[in-house]
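Below, chain A partners chain B and then partners chain C, in two separate complexes.
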Partner chain A sequence: MQSDRLIAFDNVSKFYGEVLGVNRVTLSIAPGVTSLVGPNGAGKTTLMNLMTGVLHPTKGTIRVLDVPSSDPEKFYRNIGYCSQFDAFPKGLSGYHMIHSMMMLHGFNRREAEERTWKVMERVGMTDAAHRRVAGYSKGMRQRIRLALALAHEPKVLILDEPLNGLDPMARAEVIELFRQFADSGMHVIISSHIMHEVDIVSDSVIMLSGGYVVAEGDIQGVRHEMEEHPIQILIRCDRPAVVASSVFQQDSVVEVRIHTDGHGLLVSTRNPDQFYELLNRIILQHRIAVESVAPADENVNAVYQYLVGSNGAAPL
Partner chain B sequence: MAVYKRTYTRYAGPLTDERFRFAILPRYALQSVFGTRFYTGAFVLALVPHLIAMVIIYLRSNVDALATLGIDIRPLQFLSIDGNFFGTLYVVETFISFFLVALLGPGLVSPDLANNAMPLYLSRPFSRAEYVVGKLSVLVIVTSLITWVPGLLLFGLQTALAGLSWSWDNLRLLGGILVGSWLWILTISLIALALSAWIKWRPVAAAALFGVFFVSAGFGAVTNVMLITRWGTLLNLPSAMRMIWRWLFLNETQYRITTPPWGTIPAWTGLLPLLVVCGLALLLLSWKIRPVQVVR
Partner chain C sequence: MKWNLWVHQALVVMRVELKRYILARRWIGVYLAAFAPVVLFLFVGIRMQMRGTPLADLSEMYAFFYQTFMLRLAIFFSCALVFSQLFRGEMLEKTLHFYLLAPVRREVIAAGKFLAGSVAMALIFGVSTTLTNLLIFMPASSGTSFFLEGEGIPNLIRYLLVTILACMAYGGVFTLTGLRFRNPVIPAIVIGLWEAFYFVLPATLQKFTVMHYLQSLLPLIIDRGPFSIVVDASSALFSVLILFSLAALFVWAAGKALCGTEITYSSD
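Take a look at the complex of A and B:
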């Protein structure tokens, strides 16, 4: 892919004195939704701050759509950043907040006004536009943060914990918004602790632990490369015992567990493609009524647990 | 179609000049300052010395005309509009502008730091230096309006009433008004910003500003007495500024110390403490104004 469409980290390290932020990160992030996953202190926010140019790497280079942060006018036109903190100067209304930030981007007063109203409408904050930010609820502040990141129409959206504080309806709307942005060719980089939402929204993930990138790519791809952990497949059907006895024909199947309710089984296999072929044959041969077949551990949470351990603190 | 092949179009219109974007910060800050009666009242009070000076200049030039109306203000004829007149006015304004900065300054940077707002400003085409210049300009604009701007108006008024020859003879006053005012404005504004950046609680920051001003005066006097030296005067910021005013308005190259140990010191040395304080304030600001606060 062309470098002007990538966010490229080349051997980037960031140290805060003697404390490690991130170490030897080499990444190329393509358009789409990319999630940064890791526990507190893994380096997610440092990586985001490096991407947004608010931190400079101790070592290595970062280029966002082929522009270095040393060219701020061009660099920040491409980037919309939403920090995880309640970062609002005191006393301003939501409208004034966004309007002034648009003027910092170089839009004239009229253009800034138009953009402010447009983005206020987009995040559903038009009615509360002239209320002071200090009086907003947590969800409203989150929306304003999102509006601040979006208003200048960046190509790269970097959002630190953007779903925090939003109610389920608002979360669904925001996730839908992310998908729209990604589908239009933008980069949407998000960090989140809520793994199932990361699963729903992400095209790819970057997994961090202790300042190191432990895995990156689309989650299925990452999962399939983990050969030491057989893939678990959950089958819901009417006669799990028949299926269980038949799947052991295959050497790659290492474990089968029948559910206590008698309507399902969990198969662990080292070769899922071969297993699916065999399962088709078994179903046809024994006329099994199948309700569902789905991978049980092809998700961010499971992959992260396999890679880093349950507490998420051990480096690879 | 692959995602990366899709196109995304953005605003391609003209942008404002990036050199003047710092002016966005004072615009909103000044709106909120002059939106309150308290600050507006303080600002008007700060103009009083200049208004009095303006009335004196006007009356002094119209003594005869007013006498025909039965208003006898002939004693004013003995007051000359010269370096002494402007020197006295600006020593008074030194204190008044300081009080105004003490009211406004502490609330400029600390709320942004307390609310983690720095990434908000600095993740845009806006640098740390522009942020400091933007915040500084709030104080510079307000204090300019009570120092050199009305000073120039006074100079203009006196020129209009006394003629161009007065202006030519007193050109030094014009330079004094501009150079002295800017020196003082920058010094107190930078100290106020630095204290605002380091002290989150506004009343404490204001108290610290008074401390810098008055404690330095006391410390300077004590140093002079204890060490039997005249150089302790340089630790006293108001005295240092007074030295500069007298140098600029009266061309006094030696400053006479009127307390023990008596003597003189060169007037230009008054610049040193102001420059050192400005440098220290900039250093403190550069340590504190950062896009992210790093907890070590």
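Take a look at the complex of A and C:
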């Protein structure tokens, strides 16, 4: 893919004094939804701040769509950053803040007004547009941050924990919005420590632990790279004990557990393709009624557990 | 070069800053420093009129007031308060990312913020200078003719020019110190002492003070006591150029300092 369509990190390290932020990160992020996953302190926000030029790398280079942050006029036209910074300039209303930003982007007064109202409508903030931001609730501040990131129609949208503080309905709407952006060819980079959220929306994941990238790629791809780890497959059927006794004829099956309800079993195998062939034969041979067969751990949480020995949840 | 865009962006930053700060509570000290003398002069002017104080004495009184209180204290420390907070205040309030995520060169952000500070300070202290000047001379018996036919208006224009240039020059200096020092009080005190007692410095060093060039533009110089070293005033044009250049240089340096600034609010 051409470099003007990629977000490229080349051997990037960031240290805060002697404290490691991220280390030796080399990445090429293509358009689509990419999730940065890891527990608090893994380096997600540091990576986003580096990507958006609010931090400078101690070592290495970063280019977003082939533009370095040292060229702010081009760089920030391409980027919309919905950060976790929760403070806003005092004394400004939501409308005035976004309108001013549009003027800084070089739009004339009329265009700036149009864009401001359009994005305010999109995030459902038209009624509160002329209220001071200081008086907004947490959810409203989250939406105004999103509006600020979207108003100039960037090619790269970077969102730090964008689903925090949103109710389930709003989450579903925002996730749908991300998919629309990604489908239109944009980069949507999101961070989260809530694994199942990114599982639903992401095209690819970047997993971080202790400032290092421990895995990257599409979720299934990452999973298949780890051949030393068995994959778990959940089978719901009428006679799990028969299936369990039959699957052990295959060397790659390392563990079988029958579900306590007696209607399912969990099989761990190092060779899923071979296992599925065997399972077909067993089903036909013993006339087993199968309700479902599904991988139980092809999700970000399971992969993260394998990679870093933690479930990735934020420490309490 | 994209001068049109840069000017447009600097003016947008200036307007935003003026809207945010012009009536902010943090500026109460500035308004007090600027307008308390106006209230005082209401009474002083009437008292001088009752005593029949001659214009020459009033001119000396005003020069003393302006050069000691107005320049060295009110304008200087108000500039220190306002300009050193242009960026430091944003770091403390954790709002600097608003500008740093905009498609604007950081030198332009520094210029826009400096312009906002300069316009506000020049306006506040310009009004204060005009009012105090009118209040001390107008009640005098020949006050009206002093302004209409005499030196009143040219002198007032000089005082106003010095006020504006002082705001710009000190503004430039404190815009930079606000970015370079975590505690801008220390440089403000050091620079304040350097500027306040510039007249005891050797002649060469006096040329490295803002006050020397400001004094060169004033209509009347007060006696600074037995320890002062008298230096010839610089020409008016040269002084104006030096003060403008100084402000521009410091704002440019502030812009460069801002280029290396990262948003790490927690460590600020």
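Quick note on the criterion: the second predicted complex is superposed on the first by the 310 of 316 C-alpha atoms of A that agree within 3 Å, B and C clash if a C-alpha of one lies under 4 Å from a C-alpha of the other, contacts with A are read in each partner's own complex, and residues count from 1 in each chain.
Rule of thumb we're sticking to: a residue touches a chain if its C-beta (ideal position, glycine included) is under 8 Å from a C-beta of that chain, and two chains touch if they have at least 3 such contacts.
Please read all numbers here as calculations on a predicted model, not as lab measurements.
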Combined model on chain A: chain C and chain B, fit or clash = clash
Chain B versus chain C as contact partner of A:Tyr76, first or second or both or neither = both
For A:Thr52, decide between first (touching chain B), second (touching chain C), both and neither.
-> both
Please determine whether it is chain B or chain C that touches the greater number of chain A residues.
-> B
In the superposed arrangement, which partner chain does A:Pro89 touch: chain B (first), chain C (second), both, or neither?
-> both
Report for A:Phe107: first if it touches chain B alone, second if chain C alone, otherwise both or neither.
-> first
When the two structures are overlaid on chain A, which partner does A:Ser184 contact: first (chain B), second (chain C), both, or neither?
-> first
Based on the superposed arrangement, let me know which partner A:Leu279 touches: chain B (first), chain C (second), both, or neither?
-> neither
Just which bits of chain A does chain B share with chain C as contact spots?
-> 16, 49, 52-55, 72-73, 75-77, 79, 81, 83, 85-92, 96, 100-101, 103-106
Within their complex, state which residues of chain A touch chain B.
-> 1, 5, 16-17, 19, 30-32, 49, 52-55, 72-73, 75-77, 79, 81, 83, 85-92, 96, 100-101, 103-108, 111, 148, 152-155, 182-186, 203
Considering the complex alone, what residue numbers of chain B touch chain A?
-> 3-8, 10-11, 13-16, 18, 21, 24, 28, 32, 111-112, 114-127, 291-292, 294, 296
The answer for chain C against chain A in the complex is residues 2, 5, 8-9, 12-13, 15-16, 19-21, 24, 90, 93-95, 97-98, 100-106, 260, 262-265, 267
Residues of chain A touching chain C in their complex?
-> 16, 49, 52-56, 72-77, 79, 81, 83, 85-92, 96-97, 100-101, 103-106
